[in-house]
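First chain A sits with chain B, and in the next complex the same chain sits with chain C.
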Partner chain A sequence: MRWVVLILAAAGVAAAGWVVWDRVRGPTATPIADFSAPFVFGRFAVPPDNAMTQEAFTLGRHLFYDPILSGNNEVSCATCHVQELAFTDGLAKSPTLSGGELDFSSMSLANLLWGQERFFWDGRATSLEEQALMPIQHPEEMGQDIDALMEELRVSGSYRKMFRQAYGSVTPENTAKALATFMRLLISSNSKYDQYLRGEVRLTAQEEHGRKLFMAHPDTKVSLRGGNCIDCHSQFLTSGFRDALDGFSNNGLDSDETMPDGLMAVTGNPAHKGFFKVPTLRNIAVTAPYMHDGRFDTLEDVMDHYNDGIVVSDTLSPLILEADNAPEAGQGTVGLRMTPDEIQAIIAFLDTLTDEAFLTNPQFSNPIEGGS
Partner chain B sequence: MKFNHISRGVLIGAGLALTGLSPALSQEREESQGMVLLRGLPTLDTKHSIAIVELDPESDQFGEILSEVEQPDIEHPLHHLYYSPNGRLYATGLDPSCSLAEVGLARDAGGAPVISGFTCLDTQGQMVGEDIMWANSNGQEYMFVTFMGGTGGDDGGSVGVFDPQTNEVVKVIEARKSQVSEGAPFIMYPHGISAFEDRMVVTSTVHPDLATGVGNMLTIIDLNDLEPIENILVEKEKPLNFPSSPVEVLFARPGMHPDIEPAILANTMFGFETWKVPYDASSKTFGEAEVIYSGVANETAVPLEFYGTEDELFISHALPGVVKRYELAALPELVSSGPDIVADPGAHHMIFYTSASGRDLIAVQNNLLNLGNGADDDPTDVDFIADLASHTISVHDLETGERLATIDFKERYNKGVDNLEGLFGSGFVHHH
Partner chain C sequence: MRPIIVISAFVALIAGWFVLNSGQNKATPITLTFHAQMGDEPLIYDQFIYENPGGQGQFRVRDFRFYLSNLSFGHGGETYAEPDSYHLLRFDNADSAHSITLPEVPLPSVETVRFLIGVDPAANTSIEARGDLDPNSQMAWNWEVGYKFVVFEGALQVGEDVSPLVYHVGFSENAREVEFSIPAEALADGKQEVNLIVDLAKLFDNAALIDMQALPSVKFNRTDADALADNYATMIAPTF
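Showing the complex of A and B:
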């Protein structure tokens, strides 16, 4: 009996010691298991003070799906960023807490690891970490006081533990870092087009036709027909551009009189008026409606815009202004003037950018509702 | 043309993500990184390998191997690297067990490019892979590979036609001199390859054992039916008393520059000459072959590669180890565009890129091919023509030709360097 007591006592001391040690030890930095990314996506860089670790990803994933981040505890990041919609919400403009709608459409989240030094449609954030806290504190998005959120998170034993393991303490900075890490690791690399690039599948004749049109700037002098897409969407497999202001463009949606400020609201430069972020085209088939304000319901509507609906303005992209497959048509409009078959071919190619594995990846799903 | 618009888009698209780097990321620029095929040297106890090397003299990491995968189980090394139009990386190989391979590239958790391995492909018995190009036949794109050993024999040699998606052999173009009728076109020891419209040209270089036979012909292949249709003799002076051994070939064409009249240019390895064969596209006929550059007269030997930028053509001469430069628009004539770039003996493959400060550079790989010495089993002792294996990559200012730096692979890594390709392609527009 005495030995049993001694053993139990020793076990108790050991357990207590482990608990104390677990609480006082520094964060754990477990590398992301089996990380590998496609070479052709290009170089990426992670902030030196926010390394990608399994612990940071786990914390960020919980935070992303937890409505505790909002003032009314009803809105999470995932409310407007739904996985099966490539982390958009299917709405033209996301709803506000007061019952209205925001100025912009919810942006898709995929391959944010690559490129980008400016986030949001108008580029108002310069890092994912900066971006992550802005919707939380926006009075019409999540309406949360950041100090109050920290108090709520510190009350939670599970969050205290996850923060401790990932970063050490519960702070706004670490909250932002965790959310940024989760978003950085939303990697989509298994669409039909990815598989095609790896030599695993073939494109159909229509998809291949669309691919060639997508990649070509029209040049009637050499009878080259083109959809002119690549001129702006050169980083269509990822999310954007390394250069801070590259990847923003005026794509002919509005006249000078009605045009919103866009990037100019951030830079103050009139040359940037009406500039909005050129988004990734990955999973574009499931992210309707389209454009920064969700004005187009379908990809056909989008193609109609580029084909015959370009609105000329002072800051219109010259690459769009001069891209015309039939300039002799002289219809008094600006557009690509492609045939219906060519438009359908481009849409067929865009459909190959849908990554079903990404849209259903259990690692990106809601962990609070039992995701793996 | 090695890279068409789409292919360059795929490769350079990755590179474009690197433009406008913030200062913090400037150490991670990849435009100046090169892919090299390194040859293990038995007497120095090293293995063949594929590696990524920093080639910017302005970088603290100049000359460092950043990623490397060894080939411990292959006796002879991989030979030439080529990017496909879709950005897939291939290597031809000298070992019969791996005459063609696809090389895997990926990125690690830090974003750095890494060589993830290589997969040897089924060539249906075709051996000693040399050059690769992607070209269309009846509107369908294929990967064409020259196999200098073909399926074996004294007069072997083939052009393998592969499905560019699946890497499966679609056809083996083969026409042995010993098996075709008298005067009928044949393919023997093919190495160089180029094409214009529906005509492809391959060279007849040398039997892989370097003893059984040496070629002196070009072979024209009709891309409509993938059959050889004509041989063209390119042999005049014989300074070594060998057949001329045409090696690399370039079908100069208006697509390279609108002023260019179509013609085949061919370098003869043992004749030391550059030949021109005019082509009339309307009648699909070739004119009389003529020498437009004599190595004997100009005191150069073993002309090898053609590389074209937007406005210049570069030709490497293994001896004395120089790269000559010509006006692209003047092709098929060779009109000098500047003084020679003085590299090292064995001057061979090259890439074009920029330094961190934006300086235009050319890197030249200086090894003909380490042919070895059977007597002492030491491939570092070349007793072939002369010392053609410097084991170096020399880096030069592209405008002036001034040598800025040199990497001696034998001294630094105990290996030879057999091939050079840019991580994002070689920065040239015209090769094949």
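Showing the complex of A and C:
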């Protein structure tokens, strides 16, 4: 009898000890084991102090979809970043808390591991970790006091547990890291174009025509026709370029008089006036309206802009100003001057960038029961 | 007495091994620093301050960059080739300069330096990311053509008219080899840095004299590209 009591007591002590130990030990995060990235996307870098782990992804996913992140507990990241719209919101400019609209259109979140290492249309954040906390605290976006948010998260047993497993304690830094990890793993790599690059499918004749135009800067001297897309959108990622500030450009939307500052607001360099982040074209067919201010409703409108609607300004990209498919001088308009068939071919190619598996991937969906 | 002899022999052996070994493995640290200039002055971006070499007007520089690849070093009959040697040189920084540092060139010293302006044909037709080669970068045309080797973008102002300047030179045949010798004293006494001038003016005013108004862009026309390649072939020179 004494032995039984002793054994039970020992088991009780062990169980209590495990519970205590589980709560005080460090995070138990497990690296994402089967992570692989398409070869053609090239190199990427994950911050050394924020390794991609299952636990960080799970926490980030919960935070992304939870309106607890906003001051009024009604707005989550997913309010303006809707999965089926490639994490945009379908609006020209996202609404503000006070009923107006923000300066910029909601950006698509896909393949953020590659391309520019600056975030937002004007590049004001230099890492996803830095970016993640900015909309939360912006008075017109989510209007949340970061310390108040930490108090709210600490009240939740499940958040305390998710933070503990991923990072340790509930802190603003760990909140940012988790959201960054979730965003980093929003990878779109199964569009028809990806399948074509892997040699699994053929493009139609029209799509192939569009692909060739996409990849070519026109040169009338050698009768090369081109849509000039590749001068800003990299050939495989279709995003802006990674090096330095190469991924920012003035694409001829506004005159010097009406042009917003764009990247110049961040760098202070007048040569960057009106420069905005070149977005990825992945899933572009579902991310209308287009441009930093959502001024174009359709891809046809976008193509019309590049074809004959370029507004000349001092910082306009010389590659855009110079690119012209017609040998004779233009009559008052600036643009690519392609044929309607060529424009439709480019749009057909852009349609091959839609990745249904990405738009419906259950791992990227709202994990909170009942939705938000 | 005997143990002392054994210990002495052992010490001599170890000392000898270190002396010989260090001689065999002697490595030379070297830094090549490229300074972008227009003529004799440091390159200045974004201002209409440079004369069109072959015609009217003034031009400004928005972008100037190029690939330097297959860097190798010689000493006597030995050569050392840097692996994955693909460097994108850009000068949009405070010093208008770009440095390449090799902490350990496995040669007793460096007497000659060789490299390509451009990219060798094998790498130029590959989409593998090596060194600074990146098929998703601004330097990629597309994988059927390869990389741009030398990029110059800017604008020409003639009177009130401002027009774009776009010179993109690629194609495997336009890689140009550069070779120079380093005088012994330049790397003596712990000196590791070799300074080189990259004279952008030579791109337009060298074997061929370019009128930017008549030839505002060079892209896929092979004759024009070849002329600019012959011009940039001698735009880099060391200064000692």
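We adopt the following convention: the second predicted complex is superposed on the first by the 342 of 372 C-alpha atoms of A that agree within 3 Å, B and C clash if a C-alpha of one lies under 4 Å from a C-alpha of the other, contacts with A are read in each partner's own complex, and residues count from 1 in each chain.
Here is the rule we go by: a residue touches a chain if its C-beta (ideal position, glycine included) is under 8 Å from a C-beta of that chain, and two chains touch if they have at least 3 such contacts.
Because the structure is a prediction, the values reported are computed rather than measured.
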| item | value |
| --- | --- |
| Clash or fit (per the criteria above) of chain B with chain C on chain A | clash |
| Touching partner for A:N325 - first (chain B), second (chain C), both, neither | neither |
| First (chain B), second (chain C), both or neither touched by A:A216 | both |
| First (chain B), second (chain C), both or neither touched by A:A271 | second |
| First, second, both or neither for A:Q235, with chain B first and chain C second | both |
| First (chain B), second (chain C), both or neither touched by A:P31 | first |
| Contacts of A:F41 with chain B and chain C, given as first, second, both or neither | both |
| Segment of chain B that clashes with chain C, given the candidates 62-70, 350-358 or 368-376 | 350-358 |
| Chain A residues contacted in one complex by chain B, in the other by chain C | 40-43, 114-115, 215-216, 230, 234-235, 237, 241-244, 246 |
| Contact set on chain C toward chain A in their complex | 45-46, 62, 88, 90, 92, 127, 129, 134-138, 140-144, 153-155, 162-166, 168, 216-217, 219-221, 224 |
| Chain A to chain B touching residues, read off their complex | 31-32, 35-46, 52, 114-115, 117, 196-199, 201-202, 211-212, 215-216, 230, 234-235, 237-238, 241-244, 246 |
| Footprint of chain C on chain A - complex, ascending | 40-43, 114-115, 215-217, 219, 221-222, 224, 230-231, 234-237, 239, 241-244, 246, 270-271, 314, 318-319, 321-322 |
| Residue ranges of chain B in contact with chain A within the complex | 5-6, 9-11, 13-22, 24-25, 28, 30, 86-88, 102, 105-113, 116, 164-167 |
